[in-house]
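Note that the chains take the letters A, B and C in the order they are written out, and that residue 1 is the start of every chain.
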Amino acid sequence: MNAEDLLYCDTHEWVFVSEQDGQKIATVGISAFAVEQLTDLVYMELPSVGTVVTAGKEFGEVESVKAVSPLYSPATGTVTEVNEGLPDNLEILNSDPYEAGWIMKVSVSEDLSDKLLDYTAYQRQCGEAS
Amino acid sequence: MPYTYNTPAQQEEMLQSIGANSIDELFDLIPDSVKLGRPLNIPPALGEIALTAHMQELARQNTNITDNTCFLGAGSYDHFVPAVIDTLASRGEFYTSYTPYQPEVSQGNLQVMFEYQTLICQLTGMDVSNASLYDGGSAAVEAMLMAINITRRTSRVIVLESVHPEYRQIIKTYFATIGTEVVSVSDKSQLLDALDETTAAVLIQSPNFFGNLEDVATIAEQVHTVGALLVCSVDPISLGLLKRPGDAGVDIVVAEGQSLGTPLLYGGPYLGIMACREEFVRRLPGRIAGQTVDQDGKRCWVLTLQTREQHIRREKATSNICTNQGLFALRAAIYLSVMGPQGMQDVASLCLQKAHYAQRQLTNLERFETLNDQPFFKEFVIRDKQNDVAGLLEKAEDFNMLAGVALGRWYPQLQDCLLIAVTEKRTVREIDQLVEILGS
Amino acid sequence: MRNKHATQLIFELSTTGRSGVVLPECDVPVEDIKQLIPASLLQSQRPALPEVTEPEVIRHFTNLSTLNMSVDTHYYPLGSCTMKYNPKRNERIAAWDGFAQLHPYQSEGSLQGILQLLCDLQQMLAEISGLPAVSLQPAAGAHGELAALMVAAAYFSELGEKRTKVLAPDSAHGTNPASARMAGFDFITIRSQADGRVDLEHLKENLGDDTAVFMITNPSTLGLFDDQVEMIAELVHNTGGLIYLDGANMNAILGITRPGDFGADMMHFNPHKTFSGPHGGGGPGAGPICVTETLRPYLPSPAVSFCEETQTYYLDQGSEKSIGRVRSFFGNVGVLVRAYCYIRTHGPDGLKRVSETAVLNANYLLSLVKEFLEVPHGDRCMHEFVASAMPVREATGLKQPAMDIAKRLLDYGFHPPTVYFPLTVAEGMMMEPTETESKQTLDAFAETLRAIVEQSAETLHNAPHTTGIRRPDEVMAARQPIVKWTKTAD
């Protein structure tokens, strides 16, 4: 996936929506900028399949050596799949955050949060932050 | 002011470097309105000789268990402490160091933590141990918080009434604040009735407060059928003989570690032991030392998984623990090393035999009857048919004997009962003397 | 001197059949164990502990001790930790049988000496804090915070007020928000101003009838006394809230000002900092709390009281309003005995001079350090100050110069300051010399630090150069935790 084609939360999660068997599926991950800021990730806690997540609310945690950061869901819906192998291979987030580094897939019924940013707007936010 | 060095001349130089006219001026930031402006109303200073004399005066007003024979237990035990422990633990490099935040100059403490964690796992049969908590009681409450966190069931926990009454009181205090119901049950059948799918955890103690052994494995099975976790408080000395909690299906083991090389100290500081299954390691509170390598590939140790720790998690904390009891974990590590498998087995056997001998001798007397209908380890309850526990204790004190702990303060229905602990230190002569005094 | 051969774990020294202790023969008639305990409750084999002799144990742990820096061996200016000298007389006294060999369930009549000591300590802490009601129960500073916030919760519940929020400045210890959470409150961070004092406007915006407690560390973690404290207390009290004073920095104000006099309703002491209890490699400490008369009924139980009628000391189980127990037995008494000895050694003038000397030492070190590092919060401090290594970042391009300088200090035999705390100072280095360091030591430390900041980026970044191990891989340790030794196949 291209970073340019994704939508972003101001909390650094990305989301990409596709159709699968007539069902809208949102794939969620965290941005390259977030990965760089967090430095040396050591652990990630994934939600379990079947969990209901809410847009703007926490769905998991990611830890570096000295800090723990919540992950916020960009969408409301039910978790249909999680990237089981990711917590054991967090290096993937450095090399391929937008494809192999996806975190969870959520089946969504409603539109995504209107607070999401497009690539340009998100880049602008990151520029201000750094 | 025995511990400061700078002469008036040096102080003058220092003030000049600062650019201040006086020490008082350094306190200008504090508004005069809140300054004390008078000397503290506390007793005047004592030099070392006077302090020593004063403290001797206070010490003499205490009955100590070196000059008296101690059959008191109830969570604090008079076990043998080998001299090597005091020798090593009084090394300044151990007791005047701090938390190993700089691993390069703390490898001693970090390796001790790692060895302690390993020894606790070997003793309990659990997968992972932290580097210790405050005491057995805080370990019990932290384990229950941890179980709530793991199961995400916040509404209720179950505690057996045979768990140390003070541990139960601590749990009540903590859980009143966070709004989790603490259900108290008196036996296994009540436990079965109370267990349901909303239960986060069950806390049992084995040997329990009355010395009895619980059927831990069976309870574990029952607890697990509803998806709850079993937290078991154990006596670490008993594990020289008894089945390890890790082999009986316990999810989180806690213990008062005082028995492992720490004197009684009027109740503290002690050592909170906590160990769990591998899958819960990232929910385990408290410090943990982990193995790694340094830049040159050398094996070494660091504090690890620090994001579990409450001062890092801040408002997302799930535990109150911000420290360990380093010095007492050291004592326990030395104790377990010096005892080894044979020593632990021998200590446990001696406690078991002597406690059973004492119980037999006492209940042979017309005046007493046993209350332990289950197997017990080193502690047991006798009922005084004449209902004069206070009188018995007083009489024993006249013979320099601390005969037991009266149970009435916690269990009104047991106000005619005494809890008696017998460790490996008690001799047959002392036990016979106790029997004679209580029986006369 | 470190024995270079001693690099093994105790488990790797084990030889089957060795033992470090010989226990006596059983002198009571021996029963068959299986008659006493059912086989299902017995273990099938002995615990898999190491098998080593007493001399091996002594050499192993003695050698381990030489791998630590400690107050007895090194200057240890760890900010916020008050690493002062630990008096040896206190250690000797606390180890006497008359204090160390007391069982918590002995009769009160057999414990009059220790009960008197604890009762007097309660009174002395009340006088030093200006808050009359004391509980010695909490086992550590964070435990004291939690206990006090539980007291506050019980008090508001009794008043029938629903107050859900605890506030503290952004420079607070991480334990403050954690304690608030564990006591069931929501936590709100209040901004500090550029000068390090509490931002009063931001505080006012967040105060309301849902405010339970404002937690303040004063002097703050920046080593500054917030002179607005009376106003802050008034603002909080006007909304019906309480002030909690984090007593971590009491070493700066003993006998000079009292939390109760500047508006605090509750506080904890850290006797292992302020009153010289040794830190023990990370514990034990203690966390006694002091509160106002209004809050006394809610304190944890038990306390020690004196009965005028019988002229004896006794354990007072407290009122029905008490939050109950927070610790088994009577808390960390061994630490409290040392605190008692320390306070009695100093008396009123001595305690004041402790703080005066601690503040003089800190200001002197600041006057030296500001020549080559940035000290963002001014030329004066209380017992500690926070320098910033940002100038070194600019000069060298190092990303984490505070860390590099800390590591380089190890090469010169100094324990580094606390780094990266408080969170409000970039590349922060928090230095607390304490009163028990001499001018010569402070001079030597400052000279070393001056030399270090002028060294090349490479020298700093590769430090330490002389320690037994260098920069352990913490990422590896956290990703694949190895938290116990396991026997590998030979």
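FYI, a residue touches a chain if its C-beta (ideal position, glycine included) is under 8 Å from a C-beta of that chain, and two chains touch if they have at least 3 such contacts.
Because the structure is a prediction, the values reported are computed rather than measured.
Closest to the middle of the protein, by Cα centroid, lies chain C. Of the two chain pairs examined here, A-B and B-C, it is B-C that is joined by more C-beta pairs in contact. In this assembly, the C-alpha centroid of chain A lies 39 Å from the C-alpha centroid of chain C.
Distance from the chain A centre to the chain B centre is 44 Å, each centre being the mean of its Cα atoms. Inter-chain centre distance (chain B to chain C, centres taken as mean C-alpha positions): 19 Å.
Residue numbers of chain B whose C-beta contacts span two or more other chains: 306-307, 312-313, 316.
Counting partners per residue, chain A has 42-43, 63, 65 as the residues that reach two or more other chains.
Listed for chain C are residues 474, 478, each touching two or more other chains. On the side of chain B, the complex with chain A involves touching residues 282, 306-307, 312-313, 316.
Contacts from chain A toward chain B in the complex involve residues 42-43, 45, 63-68, 70. Against chain C, in their complex, chain A makes its touches with residues 40, 42-43, 63, 65, 90. On chain C, the positions that touch chain A within their shared complex are 474-475, 478-479.
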